[in-house]
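Some notes on the structure that comes next.
Labels run A, B and C following the written order; every chain starts at residue 1.
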């Protein structure tokens, strides 16, 4: 990448209003202004350009990036770790199993105890409706108090690595993928995306991916269609946000009970399984009562319920209904691929295979998106700081 | 913080005799001279000042900080990790569950195998009387042998992150808290501190916190009172050290079986649960015989024994007996708070709440104390080295 | 170490043809040319010299070193971590238990997902004949595809940290030990080494150590004798390689069913347990069928089989048969030491004790060997790059 392109991107970034992100958290995309969303994409692009040019983006000489994963994770864990490392931070995992938290410590206390040297805290907490985002807000309030009291030398920035409501690092990486695929954020206007439920024989997956997608993509003037069988509704609050977004952006947000209808003429399809909403709520209640056996049997029940909708699969036939029969297929991965990872799943093997490279590109943006979120929270004048990093010109590889 | 203050602190440090710490370990505070203890506080203060001024304390370009936790830990784990990171070292955890150590390797071998690139080894081993500190000494002797033989390029420094005898990073952080609270190490003279047992419904906690506190605080001319019910004695060797310290420092070390008596007129109170001594010894025997079931049932027994002393709680009433009814309340955290983390515990919720910020400050010094211990063990001329870091002036955040 | 020596070593390195290693993996020693093998030793020596002189070998400002351990490990884990740290890379462990890989992700996908910022991937996968090395090749092919498609910004280098076939970081460290012991790679010519099976009461150990040793040491004109009881054959493919190597190097590769015969006049002995070959094959089948109970009972069976050969122990008597009764005793550690780690094992305690320091030296080279493998894969002109690091002259410890 030539230096002039990076310089131009930095100039564009300078035109965006990003002060609101400084020392703040990234919890929900709809908490952030259009300029702030655009700034994340821009910083991510700049960091990509710098890396291609072997220019170090190490803005921290030392510092910790705390991670707390309350659900399994490979790609988000590595994305967070990659982003932190790129900026010069060391990941320190808060493994609740190895900690003393079990014996009755408050969130406020733990949050402060791990933050004396923490510049960032990344949290995945996506298993229980009403719990994950609330927990993040409690952590955020706690470190704000600690910082205000002078206990914390710096106010660690929270990055939502997936909660019950949103999965912002995913939806932002997804959008960056679209930006690069279609040639610009402005090119997304008028594009139709089908965010559709799909059948999966595996466990009850969080609602945060579809919610994150409809809550974000409606901002860019796209025609966003949410499709799912009855019983697989997403949170009404998020639907309300999507509707409002669509209105403001000149796009649309519609719902349908038919995968085919959603796919009809779509530029982009995003077929993906998630758990029935009422099952998720039941799970939260069972969790509240510590009923782990109940959770297990609920998991079985909802797999049975899923099985009623096995025809919700992204097949070649359905892909044939899309724009020029060649909509861009998206997924947050890992997908349940029919005949590969399961007998019958979310997507036909031939469809998945055809889109493998694009899917991997889609995933590849997540580290940069996370790094951009951190960068914008840590530097009040991000364009100036990036310019200085460029001038410093330290090589990533000697 | 202005540069002149840091310079002045460095000058004061230069006046202290610290050669004995160079290439040595930090295992027990009473192994260290008064100058060495003072130097740890001084280096910690300097590192705090540097961090406030955004000056990097990264004295290592690379190097490992090995951690070995044989008991759960959140704050000490993060403190150690923070300290290592601040100095430029990367933590590598020795997880005995994932290692081959199980099949019969000697301590000497493991110690050398993990130390080829290790600058520091931090160990928590606090569960069994007679074991933890002995294990650390065996590791220390092993790496000394390895270093002498030329096998190890550098002699890793051991930091005791809590053993059966002492918890020096805790007691040193506690003291730094007092120094900052009262305005200087010399201000501690004549202050009365009540190190008191308190009731807890949770597991049999190590004796190393009270032992560490009475073994250290008696050095500063304080009136240290140790209070506990019968059966909750601490190690007689440590009591002997406390008595000798008190004599030398012009303070006092007394014992009482009454929490109220201990609190009477106290400037500082430190109410905290620990296990009955004979139970801890029994646990060691059971451990020696591999009797894990026996350990579990012993745990139950000692909780029953604890329950005889539920009135040992730091209540508002008891706080009312202290100096001006406003002694500084201390705790190593997490505390068992009545009505919050348990039905009845070590401290009343209103007392704990009132001291929350001071408690968090108390904890916040641990990373700096650990970093200071490492620094003093690694650099023969610490004041000169700190001066050079200051002159280098690398920014922690770009 | 004086600078002139390092300069001379760099000059010697420059004379070796190493282009084949650039952007390639280190999976089997016999995939690499003699020059490439020599270059690994040379770079390892240079890195050792630099470390002695406190010169930083930090060639990476940031970057990840992914580790995947499918079997327990202490020394290889720490060696990998040390090597990565020395070069400036941060280890990020891929813990399959904490990942989503369980639910049906392909190797190709996982390999790409963890590699967006990965400069190196180190893998231990040694439990199943026919599986480990094949898995590594699949990962290697996957990241090559990802790199070619532009998905990965850099092509991570694979380092085989032990597979079913070879244990190259071990055998290379072993050889470096011999080079240093005997005074040069050329001094190994004509030396007799006995790679012998030995009795162990512990689990079915991989064949990759003996295979790695006979597959590598036959290249240096040594007389390599492989000794084992019937049923403990190694892979015939590796024996074929050893024979061919011996022919080319002017050494020899012979087999015997007698430990005494192997030890007779040996300069070096390497007595070490491994599992019966057919048991390892059975284990692979059981694994293929997911029969974990079967694997457990197979383990018991093969321990019973082992017990038929308890006399295969490296005793003082057997050591008496070696050259000048003082052959160099080697082991990859941990060893099963009679009367120490088990009732009866691979080696007599007095023999092991006499060689403790040499054994620890042997192990100490592994971090440098791994770092050298990474360095040669990452830099097309390694001698020039090392020269530049030397000129940069950054101190490892400030």
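One rule holds in what follows: contacts are C-beta pairs under 8 Å (C-beta built on N, C-alpha and C of every residue); 3 or more make two chains touch, one makes a residue touch a chain.
Here the structure is a predicted model, which means the values were calculated and not measured.
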Touch-based graph of the chains, sorted into line, ring, star, complete or other: complete
Angular offset of chain A relative to chain C [C-alpha, multiple of 5 degrees]: 120
Distance from chain C to chain B - Cα centre to Cα centre, in angstrom: 40
Multi-partner residues of chain A (each touching 2 or more other chains): 58, 90
Sites on chain C touched by chain A in the complex: 58-64, 66, 90, 92, 94, 98-106, 108-110, 112-114, 116-117, 119, 146, 149-153, 378, 385, 388-389, 392
Contact footprint of chain C on chain A as seen in their complex: 51-52, 56-58, 69, 72-75, 77-79, 81-82, 85-86, 88, 90-91, 202-203, 333-334, 336-337, 340-342, 356-357, 360-361, 363-364, 366-367, 394-398
